[in-house]
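Chain IDs A, B, C and D follow the sequence of writing; residue 1 opens each chain.
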Amino acid sequence: MSQTVYQPQDAKGRDDKANRARMLVSCPDRAGIVAAVSQFLYEQGANIVQSDQYTMDPEGGMFFMRIEFDLQNLEQNLPSLQEDFTRIADRFEMRWSVYRASRKKRLAIFVSKEDHCLLELLWQWQAGDLEADIAMVISNHNDMRALVESFGIPYHHIPVTAETKAEAERQQLELTSGKVDLVILARYMQIVTPKFIERFTNRIINIHHSFLPAFVGGKPYQQAYDRGVKLIGATAHYVTAELDAGPIIEQDVQRVSHRDNVAELKRIGRHIERIVLARAVKWHAEDRLVVYQNKTVAFV
Amino acid sequence: MSQTVYQPQDAKGRDDKANRARMLVSCPDRAGIVAAVSQFLYEQGANIVQSDQYTMDPEGGMFFMRIEFDLQNLEQNLPSLQEDFTRIADRFEMRWSVYRASRKKRLAIFVSKEDHCLLELLWQWQAGDLEADIAMVISNHNDMRALVESFGIPYHHIPVTAETKAEAERQQLELTSGKVDLVILARYMQIVTPKFIERFTNRIINIHHSFLPAFVGGKPYQQAYDRGVKLIGATAHYVTAELDAGPIIEQDVQRVSHRDNVAELKRIGRHIERIVLARAVKWHAEDRLVVYQNKTVAFV
Amino acid sequence: MSQTVYQPQDAKGRDDKANRARMLVSCPDRAGIVAAVSQFLYEQGANIVQSDQYTMDPEGGMFFMRIEFDLQNLEQNLPSLQEDFTRIADRFEMRWSVYRASRKKRLAIFVSKEDHCLLELLWQWQAGDLEADIAMVISNHNDMRALVESFGIPYHHIPVTAETKAEAERQQLELTSGKVDLVILARYMQIVTPKFIERFTNRIINIHHSFLPAFVGGKPYQQAYDRGVKLIGATAHYVTAELDAGPIIEQDVQRVSHRDNVAELKRIGRHIERIVLARAVKWHAEDRLVVYQNKTVAFV
Amino acid sequence: MSQTVYQPQDAKGRDDKANRARMLVSCPDRAGIVAAVSQFLYEQGANIVQSDQYTMDPEGGMFFMRIEFDLQNLEQNLPSLQEDFTRIADRFEMRWSVYRASRKKRLAIFVSKEDHCLLELLWQWQAGDLEADIAMVISNHNDMRALVESFGIPYHHIPVTAETKAEAERQQLELTSGKVDLVILARYMQIVTPKFIERFTNRIINIHHSFLPAFVGGKPYQQAYDRGVKLIGATAHYVTAELDAGPIIEQDVQRVSHRDNVAELKRIGRHIERIVLARAVKWHAEDRLVVYQNKTVAFV
C-alpha cells in the first residue's frame, strides 16, 4: 500500500498554527488573576485567540484557566515569555504549563486483539482530525502488525505472561520513556504496572466499556445484560493505581433494549467506545484537560 | 380554578378505542404460537391492529407477545373470547392477560416535598397524553394539597414517623387495595413496606435519581458530583424488596460538565427524572411492559 | 389555590446574587481587549466570576465577550463603573451593556389555545429555575385565564380578527411598552405586527414547531409526515420581519418512525417545543445571548 | 498487507443462519392476514424467529409485515414454500419477497475523493457488523485504489467529464447490472443518470450531508453556517430522479455552536455522515426496509 494514502491530510480550512501556544493555569482563586495574565500577555505582544476559565467555588475555591494565544516568532520568543511569567505565577501560586500547538504530542497506543479503537484513532489521525503523532503501537499480540505498519507506524510485539511480566514492563518503559507524551490503552487487556503508571501520571488514557462507575471490572457488557439496563455506555479516564477509578474524561451512552443479547451489546458498545476514546485523546492532544483531585476540568 | 381547564382533553386525532383490547402473553418458545394465537383471534372476528413479539433465545428460550386487536362489542364479547382462549393458553403453557383499552388504569401517586415528577404526570394527564385515571395523591406532607385538589384529585396526607409507620402502612393499604392498579413513587422519600410491595407486585414504579446501577442509595447527585461523571441520569424501575434493584423500565441521561455543582446537577436531574418517570408510567398504562426474571420486556 | 404554593422557590444552593453583574461586549477584534477589560474590572474592585469570549475569525473578525463579576455594593457603585467604562468602550469601538443579576427581566407571554409551552415556563419559574418575573400573559383567547390567574399573574384577553387587528396591536403595545423586557410567543398563532417587532427588536422569542429551515410556515408536522423524516424538531428564534427567518437561539430534535402519524408527531413535538423554548428564554433572561448579523452568539 | 487481517470476522456469538429466511409483505389491510401467513409458515414447518408489522391506518390503509423464520434445509425447501405461498399472496393481493439470510447482498460503493464513508463501511464489514459482500468500488478518481485493493476488493476507475458521461454510464451499468444488489453513493460527487437510477430502483442509497429537507443541493455545511443552525445532520435516502428528494431511510444530528466555522462543521459532519450511511446500508442488507409512496417503512 502506498504511504501517501495514509499520511495525515493537511487540516483543511484551519489557520496556520506555527505561532500558536496554549497555556494551562490552576491556582487558588482570588481577584486579579485574569487581569494579570491577560495584561502580561498583551505586554509580551501576544494575541489571545481563545480563553476559558472556571472557578470551582466563588468563595475560596480553585481557579482554572486555558488560554490560546498567538505570538510572533513563537519558537524564539517563548522561552523569555515563560521566564518572565514566573513572576506572575509566583504571585498567584500557580501551577502552569505552556504548550506549542505545532509541537504535536507523541502517542503510544497499546492494543490486544480488538481493533476498533485503534482503527478509529488511525482514521481520525489520517483524516487530519487528531493533532498528534502516533509514535508506536505496542501489543501483547502480533495480529495487527500488518495493519499498523501499512500506516508507516512502528509496531512492537511484547507478549505478557505471568513469567514475562517484569520483562514486559522493562521493554514498555524502554520504548516509551522520554519518547512518548501520552499512552492510550485502546482495549489493551493487560493491567499496566504501578511503576509504569507512576512514570506517566495523568498521561495514560484508558477506555472502559461501561458507563462508570456502573459495572467496574471485567465483562461489563455481561453485567449490563444481567442488570437489564436500557442504555449502555463507555468511559474514557486517566489511569490511576485503583482499577477503573481514575479521573473521568468523557462518557457517552446509547439506547439498547431487551432484544439485545450480550453479543449485540458488544457490537453497539464498540461504536461508543471508539467515539468516546477518540474524543478524550483529541482533548488531551489539544491541551484541554486539567486533572484536579480525581476529576478532570475539560475546556471543550 | 375551573375544573374544565384541567380535565384531560380528548385524545385528539386518535381512533376511538371502545372496542380495542390488548393481550400480553409469555410462554416457553416453540413452533406454532403466532399461528395459533392469530388464527384464534381471526376466528373470533377480532382484527389485529398491532402485534409485537420477542424470543429470548431461538433455542429453548422464552417467548413474549403483545397484540392489540379490535373486536365488535368488546364489552359483551370479551368474556367468551377469554374463556375460549384458555384452550390455546393451556396448550402452550402461557401466562397471559387481556386488557380493555377503554378501562383506564387507576393510579395512586405518592409524593413528598418535590413536585416536579407529580407536575409532569398531571400535565401529561391533562394534555390527554397519559391514558389513565389519577385516583389519588398520597403524601407524607401536606404541601401539595391545594395544587392537587385544584385538579379535582383527592389528596391524602399520611405522615410517616418511626412511631406511625405501622399505622401509615395500614392507611395506605386501606386507601389503595382494590382501588388502584398502579402505585407511582414520584420522589416519595419514604421506604414502602415489604407488605405493601407484596400487595402490588410489579405494580409500583419508582424514579431513582441516577443511572442505575451507578449511585444506588441516598444522595446520588452528590455521589455523581464526587465521582466527576460527565453524564447524569435517572432510572424508572419496578419496586422490589431490595432497594434500587428492581426491574429497570426506562433510563435516560443528560450531559453535564465540571462547571455543574451539586445544586445544578439536581436542577438538570429534575428534568430527566420527570421525563423518564412519565415514559415508564405511560408504558405501564398502555400494557406495554412484561416483567421476567428481574428484567422488563418493553414493547414500545 | 394558595399563592404560596406557586411562588418561585428560593434558588436552592445558589450563591446570593445581589452584587452580581453581567457585561456583554462586542467589537472588532484586536489585541489587548481582554487585558483592558479585566484590568479595568480589577481596578474597580470587581471580582470576575465567569468569563467567556469568542472571536469570529482570528484575522479581522468580530470579538464577543460575556463577563460575570461581583462588585461590593453593586447598586451604588455600578453607575460610576459604567461611566468609567466608556473610556475603554470608546477605545475599542465596543457595543456593550451591563445588567444586574438581581434585576430580573420582566416577561410577557403570548399564547393562543395550546398550553404546553406556557405551562413549562410557569413550572420552571415556580421551581426557581427561571430567573425572571412573569409580568403578564396575553392571549387572543380566554381559555387559560383561570390557570394563569391561579399563579397570581395578570391575564389579558385581546381578541384578534381582521377588523380588530389595529386595535389589538394598540392594546398590546400599551400593555407592554416600557413594562416588559422580553416577549415570548409560546405557540401564539397570530402574526405580530412589524410595528410591534420594531419596538422589541431582538426581544421577541418565538417557538417554531420544526427544525428550521426545514418546514417553514404552516402545518410543519403535516409537512414532516409527508416528507417521511426520521427526526422532528423545534426551533426557538428571535422574531424579525421575515417569517421564521430570524436568528436561531436553540434547536432540538427527537427520533420518530413510520409508525407515528401526524397526531403522534404533534404529541412528541409538544415535548420538544416546551424544552427548547424554555432553554432559549432562560438564556435570554441570564444575558447569555448576543445577536450579530442574523445569528446568535450563545454563551451557554 | 496480509489478506487475513481484513477478511470479515465470523459474526461472534450469532446463531448460524444457514436456514434463516426473511419475508417482506405489503398489501391492503384486512382481517386475517397475520393468521393466514403464520398458519401457512407453521404448516410448512417453519419456525418464526421474529415478526414485525405495521398498519398505516386502521381504516383501510396499507399493511406491511416482516417475518424472520427458520426452515430445515432451507435451500432445498424454499422454492416449494414460495410456490405454495402464491395462494396466500393472491388472496390478499400482496407484494412480497423472501430472502435467504445466508445469501448476502452484493454491494457496489461509489466514491470520489472523500474517504470517511467508504472507510466506515469497510471497517464495519471487516468487523463482521455488515452482513454483505462488497463486490467492487467504483470511483471517478484513482486516489483510493491502494486502500481498496488492500482489502482484496476490485477497484474500478471510471472518470466522468462532460464528454465521457455516456461512456461512464455504459461502463457503470456493465460492471453492476446483474452483479450487484445495492449501489451506495458514499460521497460520490457525480449525479447518477436517470437510466442508471431506473435500473436500480430503490436500490441506490445516497448520503446527503444535511438534515433533509433543510439545505437541499450543494454546499449544505456552508448553508447551515450561514443560517446559524444549532444542530447539523445527515440523511441517508434512496435515490430517485428528483435531487435529494427520495425516500428517507435514516437521519441523525449533532449539536454545534456559533464557535464552529464551516471547516469545523464539515469535520463534525463527517462523523454523522458515516454513521448514518452505515446504518442505512445495514438495514437494507438485512431486508428491513420497504418503500411505499416516497417513504420508507423501517423494521429496525
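We adopt the following convention: a contact is a pair of C-beta atoms (placed from the backbone, for glycine too) under 8 Å apart; a residue touches a chain by one contact, two chains touch by 3 or more.
From a predicted model like this one, the values you see are computed outputs, not experimental measurements.
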item: Of all other chains, the one whose Cα centre sits farthest from subunit D; value: C
item: Classification of the subunit A:subunit B interface as same or different, half of numbers criterion; value: same
item: Geometric centre distance via CA averages, subunit D-subunit B, whole Å; value: 37
item: Euclidean distance of C-alpha centroids - subunit A vs subunit B, Å; value: 42
item: Multi-partner residues of subunit A (each touching 2 or more other chains); value: 261
item: Of subunit D, residues touching subunit A in the complex; value: 1-2, 5, 11-14, 115-116, 119, 123, 127, 129, 143-144, 146-147, 150, 261-263, 266-267, 270-271, 275
item: List of subunit A residues in touch with subunit B within their complex; value: 54, 57, 211-215, 227-231, 233, 247-253, 257-259, 261, 294-298
item: Subunit D to subunit B touching residues, read off their complex; value: 15, 31-32, 34-36, 38-39, 41-42, 45-53, 55, 58-59, 70
